[in-house]
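We just call them A, B, C, D and E in the order they show up, numbering each chain from 1.
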């Protein structure tokens, strides 16, 4: 599994004026996908150019402008001009190290969210949404996203989503982005419970490494979720003409989902902390057992070995003072019995100390 | 004991429109139990169908509609229509991964609670309550609950509960659900105190595993309790026509119970943390003792064994330089005395180091 | 020392209607002590019955009704009726697992506090106070309390306390109950400093057990103190006709005392946490020293013992290739010198590694 | 270094009426120092008696009454009467276990602060300040304080401080008391950085003990600082006639100093926590190294010693089955080569396991 | 890498009057750089003296006065007088241990920030900004800063920054100072991820030391960032005539950057905590493995060595009771087989214990 990075490097140089756009050579080239929405259905156009976009805005119909790839900062700046976006908003769109937030520039909100593909935490990308009463303009870092169901609902015959205003479409997009957090967070929770089972049964060093990996991914998801919750709360609190009262209700529902996700993430994080404790105490306990075995064996056999060494000495038995026991008739059996007695005595001692 | 899962998996696919109901094939089939309440008593009907339900609502009498099992999402949607529930409310009822909360859709509250059977944390199920001035509609995941006493009080001769409005019945249900937390939390507290006694007396690895299990269950109960407290607080703060001032007083009493439960849970959690510390320091201390025994034995007998090995060497004693001590008259006793002196010296040293 | 329990078991069954009173067969039988207060002194009557109590309330004089023991729930309910107490208040009085709190039922406050005898944390009992403009009714679990000084001040010649209203008497009771926390908390602090001295000098396993015991008692006191602070704050904030402005000043003083107590308890808890760290690092350090001694001894003597073993082998010295050194004239002294050189070399190595 | 105590014992008995003053036989005898302030200079009188004090108050000039030593509670009560202090204020002055705070009794503030001498945490004493428009009355536990510079500024020719009102003098005293925290806290910070250097280089058990001592002192300073910050904030928020707008600005400056001090203390506390971790991981790592040496030596020499033991056995070589290798021509060299091979093999294994 | 100090020592003596300026002999000598701004460009003058500064202020043109080095407190006080700064503001400028903050003295803000050079945490210096409608006066501790890009933008042909008021210039300076935090924080994040990789692969003691160093630097950056965030928030909340609505928008953008930085720093700190856990559990696990090897080797060979010792004893085989096995025909092979059986039995036991 690719390790997702925790720190996203800024490209803007120190001291650049606000609104500076720095092209990122590793960024995906920019293309525009246009969805023209009217009451009867949608028209989907890929790879639209600036002129096509301008023409579409003049048509008076509702639009979802889907800007994919942030490689061409010039083009992004032009798109911003078409929709009269604030320069700071355009900077936030192009510099993909923003936290999720909503900024209200002259009443036109710019929403920044973090989008995952629902399978891997490493798939995180910045997703920015600008909208006014007729247009929704979204900016994503790479082609491919979790929003295809929204596009299908837009095109569907009875698409409730098509008949409602921009704010409802924005809600639908945000809710879908949040929905894609669920499989991710649930997978992390499942992996944690697996690690829990294994640590309970037989703790191994790789479990701690996996645990660290899960904690790291939870940290990334948490960093995306907390400001998302704030953003949704700010969206539904702010009394915007753009957001009708009915959509507000849906935003509160999305807010509930964010709170649910945070609840799962925090629970997982707490469980992970408990698992570190469990692992450490398991390792301590095992070490204790290993040490006991070593100590018991050593404590019994090292003294016995010493006795055998004594009677293996080569003192000259010519002197009656030197090792007379070696000449005794029952010397050897007596020595063995003596050794066995010592061993049994030590075993009894260990049993009394509760080591056996 | 079955290990209760921490993460409940969502069934709604990513990007589904709000209000989407996905049948869960593992869910219990849906049945409706109806309690028709009037001043003289209650009439209890099991397995009512939709027509029966519609007829009952038209009778003008007060109803408690008890929907058991969430397997038939179609039926649930129809019940929702009868009582003019909001689509988002119906979605929350059917998707059983909600946190406890209260939502006010057009003044008609939807309450979501977590219900336990009072015996096991694994029995957690989502319990949703919708009510208006005449009807209380409750949705639970499985047959069997802790609410039988409420039904009996409804039917009882002098049942105060029968004469009061819907809000009081809702309070009675919520209070009973909270009541069922007490035996659960008390059992966890008792188990903790048992583990505490055992860790103090003789710490064993299985104590840590049980401790982890208790912490895990406390985590689940805590996750249910904190939002329940918020929900009860929101219920009594919100100035609803549906909730008369007198019932508000009872809700504050239920709120007090939730705070009591949280207090116990947090105390247990803090105690559990202290027990981990106690266990780890006990294990460390024990290891220390084991190591001391090993070190004392090794430090005494390994040098002595070396000496015995020296005098067991086979140097040719023909040379006067080679092992003349082996030929001394008192060589052996002197060697033994020397060894004893070393052993006693080391013991004295250990005593001075405070190891004995 | 008796270990005080952390979880107090509820007796009310799940689903009982609010206000249910369940007799506790282990509770102390209920008696009533009456203090009739007028400007000239007090009259103290023990073991008053209900009729006596009713007569006294009709006399129009100020009363302190002291209900001791909660065994007779019937009697308690009757006393409640005499003073027109709310049913929920009576339930809180009889079920002694309440947190400290103040409830305002129809402007008549019910205060719940936790009382200690000033000597042992295990002496905790629930103390409930109901008051109106003329009566103070207190309920305690057992005979014997820390309130005798208040009773004496009531009876004293110049007793300021007698001339002021119910609210001042309630303040005097609450302040005295809080006063009794001080010796308790100070004793815990002293014990902690003692444990600290011993852990610094010579850490022993029983110090950790005592530390755990102190932390446990601090947890219990903390659980009583934090809600007590909230209760006193609510009392002085709430603009009650019953509490004159002058008494409010005294309540703020009691609030200050609660804050002081919390400050001491939190300091003690933080110190206790630091002591666990100190203990664990002491044990680790000691283990390290023990291990070094073992390693030094083993590393020196095991190789030397091996050499002695080599020269103790019985290869047939008839072959000139077999153990010729055994026949050397200076073989033995050379072997001893060689061994000493190895030992000194290893000692030098250990010194360079900073192990000696 | 004398270990400062964490818990200051109360002297007032449980249940004493509010305002009770208990003489403390260990307290310093009480003396009064008077500073009479007018536009031209100050007059300083030591050991003034009550009559002198009364006369001075009647003179209509500004006074700083400096009460030193709290041994004579009678005298303190009299001084309180002269300035019409509230009885609760006098109690707080005499009972020196108050937290820093400001109480507003009938608009006349009583400030309680903790004063250090700037050298040792053990020098903590309670410092109480009462003031009205003309008088500042201060109470300290012992002679000797950090306020001499304030007295000199009062007497100085161009003393700005003399021309301003009581509130400015109170500010000057408070700011000087806070100033004396800086050398204390800086010394603790320096000691921590010293301990840090030593733990990084060569961790020793006494470092942990010193670390514990520093943490303990930081805890004491923290307990003094947090409520001091609240007190200063309350002083500048409260809209008192006594405190002109200009002095308010200075109080905010003092508040800034308190925040700076808290910032340093919290940083030090966090560093101290990190040092415990560093120490424990250093000790673990060292233990690991020690254990590796022991294991390598034992694993190599114990098997070799066993082989030497085998060939040292005395089986009767008359039987051709018994130890024929002892009679081989190259038996001994072969044995040595075999042993060396085993040793080298084990060393290679250790190197592969990354132990060497 | 030079270790940056955590505690900056104050120079003002205890009890000094507010506004006291103490020269710091180690401080850099003070020079003034002047930038005279008009619509057509800027004029940059180095080493201006006080008279030159006074003349420039009288010219009515906009100025950026750049005071470099705080060694000459006299000069700083004079500069303060020219711009009518408050005495407390001047004290804050000269005493470089302030936390980041904004103070509003008579509507003229004094901003204190911490500036880094973007490369090393040790480069921290205090940066103070005073401004009114025409002048921006900045004070820095040393020559050299990260503000050269701002000066270039001021001089650039189309410099938007030149045409806007003081508040915009102040914003540009603050934003650039914040910008210089990014490379610093990103470098710390990168170093953490490197340490993470190494601890996962092969934990070494120097990793913990580097980890401690990174945590220490994060602590310093955190201490600078949190109050900076508060300062920016206060700047944009406060409704100042000096700060036009348009600049407020930019300040909120700078506030967003501060929040981003805090987010990165807190994430890094959490990761660092996780790494300590990972390191400790790795070390424990390794110790466990080492101990197992030692125990297995000892447990197998110590008993075998004892047996070899037995049969190496020199009991006089003249007695038929003494060591008859030495004379058996198959004594030696039988002994070897017996030993091998013991070894294999122990290995089987270890395998069953899951140690192999």
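What to note about this one:
To be clear about the criterion, contacts are C-beta pairs under 8 Å (C-beta built on N, C-alpha and C of every residue); 3 or more make two chains touch, one makes a residue touch a chain.
In this text the structure is predicted, and so the values were computed from the model without any measurement.
Listed by label, the chains that touch subunit B and also subunit D are C.
Note on connectivity: the fewest steps through touching chains from subunit B to subunit E is 2.
Contacts with subunit A and subunit C are shared by B.
The centroid of the Cα atoms in subunit A and the matching centroid in subunit D are 40 Å apart. Averaged C-alpha coordinates give centres for subunit A and subunit B that are 25 Å from one another. The set of subunit D residues that touch two or more partner chains comprises 280, 284, 287, 291, 294, 298, 302, 305, 309, 312-314, 323.
Passing around the ring starting with subunit D, then subunit E, and so on, the chain order reads D, E, A, B, C. Per the touch definition, subunit C reaches subunit B in the complex via residues 5-7, 9-10, 12-18, 86, 88, 97-99, 101, 103, 105, 202, 205, 208-209, 212, 215-216, 219, 223, 227, 276, 279-280, 283-284, 286-287, 290-291, 293-294, 297-298, 301-302, 304-305, 308-309, 311-314, 317, 323, 326-333, 335-336. Of all residues in subunit C, those touching subunit D in their complex are 118, 146-150, 153, 160-161, 172, 175-176, 179-180, 182-183, 185-186, 189-190, 192-193, 200, 249-250, 252-253, 256, 259-260, 263-264, 267-268, 270-271, 274, 277-278, 280-282, 284-285, 287-288, 291-292, 294-295, 298-299, 302-303, 305-306, 309-310, 312-316, 318-319, 321-323, 354-355.
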